[in-house]
Amino acid sequence: MLENIISELEKQFQLEAVDHNSSDLVFLTIDRDHAVMAIDLLKWKFGYKHFVLLTAVDFLEEGKFQLTYILNNPDTKTDIGVRVRIDREDANMVSAHHLWPTVATYQRELKEMFGIDFPGSPRLNDPFILEGWEGTPPYRRDFDTKAFAASFYHQREGRTTNDPATYMKEKLYPNE
Amino acid sequence: MGEKILFALISLFLTINYGFLMNGVIRKIYARVGRRHGIPFYQMYIDLIKTLALRTNIRHGTMFYLGPVFRFAGGVGLFLFTPVVFGSAMFGNLSFSGDVLLLLSFQFFGTLGMALGAGESGHPNAAIGVTRGLAQMTAVEVPFVLALMGVAIQYDSLSLHDIVAAQQGGIMHWTLFTNPFIVAAGMLALLGSFMRPPFDVVLAGQEIPIGPPTEYHSNYMALMLSNRAIFPMAKAILFMNLFFGGANTYWEMMIKTFAVVMWSVFVGVSFPRFRVEQSIRWFLRVPLILGILGIVYVQFFMS
Amino acid sequence: MSLEDLNKKQIVSPDGEHFEVDPMNDYFCQDRPEEVKPVNKIVERFYNWARSESLWILGFGTGCGAIEMRPLMTPRFDAYRFGVQWRPTPRQANLLIVSGYLSTKTLKRVIRVYEQMQNPKFVMGLGSCTINGGMYFDSYNTIKRLDYYLPVDVYVAGCMPRPEALLAGFEELKKLIKAGKAEGANEYANKFDWYKKNQKEVIRDWDMPDYNW
Amino acid sequence: MKLSVEHIAILSGILLMAIGLWGILGRKNILKMIISFTVFDTGLNILIVALGYLPGRTAPIVDGPVTVENLSQVAVDPVPQALVLTAIVIGFGVTALMLVYALKMHEKKKTLDINEYTDLKW
Amino acid sequence: MVSPYYILTIGLGLAFLLGLLGKKLSKVNIAVIMLAMISFAAISASWVWQFAFGNAEESLFFSAGFEPPFSIALKLGFQEAIIAFMVNIMGLFSTLFLWKKLHKENDKLAPVLLVLFMGLNMLILTRDLFNIFVFLEITAIALGGLILLDERKHAASAGFKYLLASSLISAVYLLGAVLVYFSTGSLYIDDLILGGPVAGPMAGIAVFLTIIAIVLELKPFPANGWALDVYQGAHPAIAAIISAGVGTAMLFVLHKLMIISGPMMAQMITVAGLLTFLFSNWLGISQRDSNRLLGYSSIGQLGLIMAIIGMQDILGDQFAFIAMGILLSHFFAKAGLFWISGIVGGSKLESFAVLRSRPLLLLMFGIFLFALSAFPPFPSFYAKWDLIFALSDAKQYLFITLILFGSFFEVVYLIRWFGIVVKNTSEEVKEKLPVNITQIIPISVFAAALLFFGYYGQHFMNVPINLNYIPLIAVAALWILDFLPTWVKNTLLIVATLFYGYIILPQLHDFAFIFAIIFLLGAFLTLLFGYSYKGKRPGFYPLVAMMFAGLILLVEAKDLFSFFFAWEIMTAGSYFLILRGKKSQPHAFSYMLFSFGGALLILAGFALAHSVTGSYTFDALTMVGALSPLVFIMLAIGFLTKTAAIGLHIWLPGAHSEAESDVSPMVSGILLKAGVYGLLILFMRMGHQFVLGLDLMVVLSWVAVITSIGGYLLASVQEDMKRLLAYSSVGQLGIILFGLTLMSNLGWLLAIAGVITHFLNKTLLFQAVGGVYSRTHDRTMYRMGGLIHRMPITFIFVLIGIISMSGVPPLVGFAGKWLSFNAVLSKGYYLQGVGMVLAGAIAFLYLFRLIHVPFLGQLKDHLRKVKEASFWILLPQIIILMIIMAFSALPGVLLEPIGSAVGKIFPTGGLTWQDSFLPFGSRTAISEYGYWNGTYVMVITMIIFAVLLGFQMLIQRRNKKVGQFNIVYSAERPSTPETTHAGYHFYAHYQKAVGFLIAPLATNFWNWVSDIVQSIANQIRRIYNGNGQVYLIHLVIYFLICFFIFNGGL
């Protein structure tokens, strides 16, 4: 079943990778410009009409963000994940909000947390979770949250940090 | 007249305290049903002092400021126009003989004032609560008035004094036994007017926290708490006089009103909440039919 | 609800007159809070007793600690015994429990709610997060100590503190109130500028008046 | 009954009227309708004269044997004939006016079909 | 006396002369024809003068000394003189109107015109059957020529159809005339009369043929398609001649011939006329072309007069008055309307909107339309009254029904037309309509003539007339003074009102007194509001004066006629007033329809009552006997349309809400009381009536209950505050009606007190809302909010208004509640009583909405700079407020006088009043069931309130006024006032619960009725398919049907 869909897709798009996760879940990697077209096709032709989620992973070392769109076909009970790797420096992606209105919300989140731009997506720049955030988006791996917290918030003096393993050992088995 | 005023004040003082204690007891009963200990029975007094003790308050405008005053004045007025104890100079209050219609209409004095005050706060929940209350009231009125009318026809009077007088002479002379239909209609209407579950959608604590009084606090709150002590008492006294033979002593009044209020409490602890349209439809079914039955009964079997 | 709401607006009146509406000044009361001193010592002691015996909590859960407040109403713990009751609106409540970690976004709401409560008002910090950030010590989005932003009367430590601990906290608070030491509201009014400075340092999109009456 | 002159006249008058009426109500061409009208009128006139005819009498013209004195005995009733004369004159006028109308109407629409002139209705 | 032969000579001679003169001397031509027309008019005027004021006697003229049938026999009597005068006046003014046209094409038009009027004159005067034929043909040819000479697009085909039809008809006539001659030996009508009824089978057919031909000439339905086309296709001035001139002459010919017809023929004419009247008015409803519409109307009117001629035996003495009354109205109005149509030029109803640029012309247009609709003070009003009464006396109920329906349909299209012309928003009037003096003069003269005959006509009525003209003179005076600025006129009217009240009030007693006070005080209070308007408000004050004149005449009326007269004056005045609103046209129209329908029912009811008792006083109603349930139902429905009982209420919300701010309180607070007054008179006289053992009062009491519940429910779902108040009026009137139906002392006390409190409350609220509107220019409540901060005084007024209205003690509204309960109990209408209480509870819904949504809640941005309403708006409200407070404190002041008036009708079961210990003469009302002392309740409530307020002020420490957004908003901040204000769809949950009760059943029903009426009309008028031949077939079929009916065939 999924094989048929993959072969159908291969005729039209260049699939960079096909990862069979299980019998009902497969991840396809497609290039940036064609991914949304493929999703469009999956939705209207192959019945993947339920949009499960859109998420991003920061591959700092490779200079890439990997976006993953997970689609579900409720009739065949199969899922297809569409992966797209986009450039980290000029992070932007074709918006898919026209396929499902909810996509816009995911895109807002990615914009706020990763700084990935989706031109044309509605209310993209409205605050989503953070209100009034400035600077590096917090989910980027080059953002140092500890240093930020230490400098930005008023800290209570006298807080110490212990390694849990050694600390618990000392506490529970002081004799050993 | 001076004596009368003095007596009325004494009566008001006693009854308002009784109301506070009763409210405490009601809370206690709610707690016991939930297998809790609940607040102390005197907690209402502490709450009252605390609300009075708040150091600041705000106002949204003149109507907002006057709303609770209207509310409490409505409660006190309703009480003062009601004869509490049959034939008693002490507890006859400021009524001549208690015209039921005056009481029926005077209920809305406070309600209206409060609704306007809440409205001026500019809080949407206040307006929503008021609309719910008014909508439900239109339905509650019908069986209640049917019951009232049944009583008036049966005793040929609208004066509470006469109505009670006609019920003297033993428990079997009470309207409860002479015309159970209208009493049933009236007591079901009472559930609606006491705003306990299942008819408490007006306040709806979790949904439109908490409806009309959302913006009220400190001394406004104190007035409203006091009103909550006197207003249900006045209504309970009205029902007692209409259906349960009135009272010959203050003690009798306390017991009977307690029973009347407890009826709403017992229903209240056992039921979840109706939506507005559900409660409206409910009142326009069973209680309405009972009320009409009562009127028919009065007209064709009693005269 | 966004910052744009507070931009000045050009409005045309029904008669065709043009005028400007400044939401911040026109919709909100701009006054600062004032300290309100007790009137009379003896009366105040009586009042304080009443306040301590009638703690009305605002039903507002800011973090995971809110889950520990529910059992307080159950037969097992039954906080009502101690005169502790829940109110749905800050106007009527006089005790604010900040239940656990507080993100900057929630902090804004907590400040607003706190300021809407009326003068003798008390704050209870619940859980380690309100004391020193707790397990969120390195979070980019939660505050690390509550008392820089609101005058806290009592902290209840733990992660999470159990309901018993909360009950103990109430008892502690009652003692403070009875002793006349729980004057958080007046302290807030007195050190208003300091609190505001701290608040505005972490809330970068300040979109409300300085004091929410 | 013998078919006398007056009967023939009456019948032919009625026949002409019937033909005229048929033409008026049945023909679509305006000119034919006008002609039918004249036929109808003629029939009517014949009918009137025939009805006024008294057998054996002469025309009511005071000339020769007919004098003013014996007019009522010798001549037929002059009134119907006078009426018919007037009616013929008037009929002439009407027919003329109708023809002018036909002309005008034709100028406007270039047709003489009565069915085409139904712009005003309802 | 001038011999009529001069007319013949002048006409023919000058016509030939004109033909000879030709084109060359056009100036002379016009002078000649004008002279001729003037001489016609002068000659006939001299006859009328001599008959009316001299001692002229009827005289006969025979041409050339011969006796008929050899001569042209003319008879000149008073009738002939008048009709000839009318026709000649028509000729004169037509010529004047056509002045310009004549100037252009005189050589053709002028002689034809001259011949036409000569022919008409002769038609009227001649007594010879054959001459009638000759002149019929002459007029037909002349008319045909006139139509042809006009270069309009469809004139030729229309004229041809006309010619076809008239030729056929005259052939029939000729045959008939000749047959008459053969069977009787004479053509002279008077010989035929002298010879008695024409005998013999041949003679019967002969008479039938002659008369049916004239009937056909008068365009009976449905054989009248040709005439409609002529009206539409011909030049309006020629159409005017056909309608007013030729029509009048033909009617007179018919009248002349009636003497030779038998009763059967007369009945046939009557039926034919009435059917024509009914159907052509009915078909007129869906007509959109102005000239054709006028054609339908003309045919209808001619049909009515034809029927009247047919009924002359039934009508007896009043025949001449009735026929002339309707004929004159038709004559002047139709000619005037066709002329106006000629000036306007367009043929769509909407194109008459250009008249707005010429107020005088518009006024005359209105006069013509209302004269046709039989409104007072036009002759048709008096004639129709007499007609209906005479028919009722003769028990011709079917005829009455036909006439009433026909009149109603007529009003439908006439008033709709008026509304479109006055208030059509789609049609913008840009430039002034060009008119010239020769066109204006005829129209103005005819309009003035209508008014003159309106005044003059009533003296011939069969009714003792005792109308009070003083208020009407005030109306006329205000028309004349209309150029003055508003404040002057306002002051004048107020002074006039007060002065009139000073004169009239001492003469009135009991209910009339109470209602007069309401009307006069109402006029005063609502007029005070008028000072807030700037500019001239052209036309406003005469109309206000007209409405109040109607109202005050209503209470002054002592007999049926004065009552009905006042009723119609008031209806017309209020219609115009409502029509002044910006978008009120459709609503004013439906108001007029319901009012007029109701008025017709009232008229019929009065006529029925009169036919039994023969009396014209109100007491006639008490002795109607077996017919009384019917009379009761008709009158009750008639009055209930005014009080907007449920089912008949659909006009009210729109009419009251779309009217101007100061008109709304007039029509809502005051005008509705006229209906109540009518009901009061009805109930007082007729009391309980039974149909099939069912007490109609019980039925009405249920109607009242449903009305008030329905009105209040509908009020509670409105978004528009004036609409809300309007629906509230529906409900309140239901309560008043309920009080009346109780037919007991307390019930009537309730009703009258309700009338007064409703007047006060509704005037107060409408004025307050008007004040809000004057500042916000908006009536939609949810778009406002928080106005208490900007308009606190208005807020207080609304507050007092709603508390008083909702019946919450201590204000006076509680009196109504208390009385209603007591009255219900003592009467035993328990279930209705519960309905009333339900209504009272629902009243809280809309009243709270009215005060909450605009005044409380969030102040909207665009209202931040709104100012308090102006002083002149507030002043009347202050007065009302003081009255309400006074009545609240001392309800005895209000109730005791009413009680004494009611006590005269229901001596038992009233309130007793007991002195109390309180000051200011406060007294306690004691009923059978309970007691009430307003002062006591008020004083105690105020003391409690004051004490508690003092307490609150004492214990608070820091009280801070905060901003509108300083609210608890679930820890959030409101973003805009609009999204924070709860106001739209306020009682959504309530609608969910009981919404099925307010399904628009009544509206749907009336829409359905109107659809049915219109679609039937549309279907029927398809028979006029425009084909001349088909029209001829109609004629033949009509002829045949009549023939068979007449000869007992079929």
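Chains: A, B, C, D and E, in written order; residue numbering restarts at 1 for each.
Quick note on the criterion: a contact is a pair of C-beta atoms (placed from the backbone, for glycine too) under 8 Å apart; a residue touches a chain by one contact, two chains touch by 3 or more.
Worth saying up front: this structure is predicted, and the values here are computed from it rather than measured.
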Starting from the defined contact criterion, work out which chains touch subunit B and subunit D both, please. E
If every chain is reduced to the average of its C-alpha atoms, which one ends up farthest from subunit D? C
Chain closest to the middle, measuring from C-alpha centroids that were averaged per chain: E
Specify the chain pair with the maximum number of C-beta contact pairs. B-E
Can you work out the whole-Å distance between the CA centroids of subunit B and subunit E? 54
Distance between subunit A and subunit E based on Cα centroids, please, to the nearest Å. 76
Chain centre separation (subunit C, subunit D; CA means) in Å: 113
Whole-angstrom distance, CA centroid of subunit A to CA centroid of subunit D, is 105
Find every residue in subunit E that makes contact with two or more other chains and list them. 957-958, 960-962, 964-966, 968
Which subunit B residues sit where two or more other chains touch them? 55-58, 209, 214-215, 218
Write out all the pairs of touching chains, ordered by chain label. A-C, B-C, B-E, C-E, D-E
Touch list for subunit D against partner subunit E, complex: 21, 24-25, 28, 30, 33, 37, 40-41, 44, 47-48, 51-52, 79-80, 83, 86-87, 90, 93-94, 97-98, 100-102, 104-105, 108, 114-115, 117-122
Interface residues, subunit B side, partner subunit C - complex: 31, 34-40, 43, 46-47, 49-50, 53-58, 205-206, 209-210, 213-218, 221
Under the touch definition given earlier, write down the residues of subunit E that touch subunit B in their complex. 786, 788-789, 792, 799, 803, 806-810, 814, 817-818, 821-822, 824-825, 828, 830-831, 833-834, 837-838, 840-842, 844-845, 848, 851-852, 856-858, 917, 924, 927-933, 937, 940-941, 944-945, 948-949, 952, 955-962, 964-970, 980-983, 986-987, 989-990, 992-994
Which stretch or stretches of subunit C touch subunit A in the complex? 2, 104-105, 108, 131-133, 137-145, 148, 198, 201-205
Taking the complex as given, what residues does subunit C use to touch subunit B? 36, 46-47, 50-51, 53-54, 56, 74-75, 78, 80-81, 83, 85, 88-89, 91-92, 94, 118-120, 185, 213
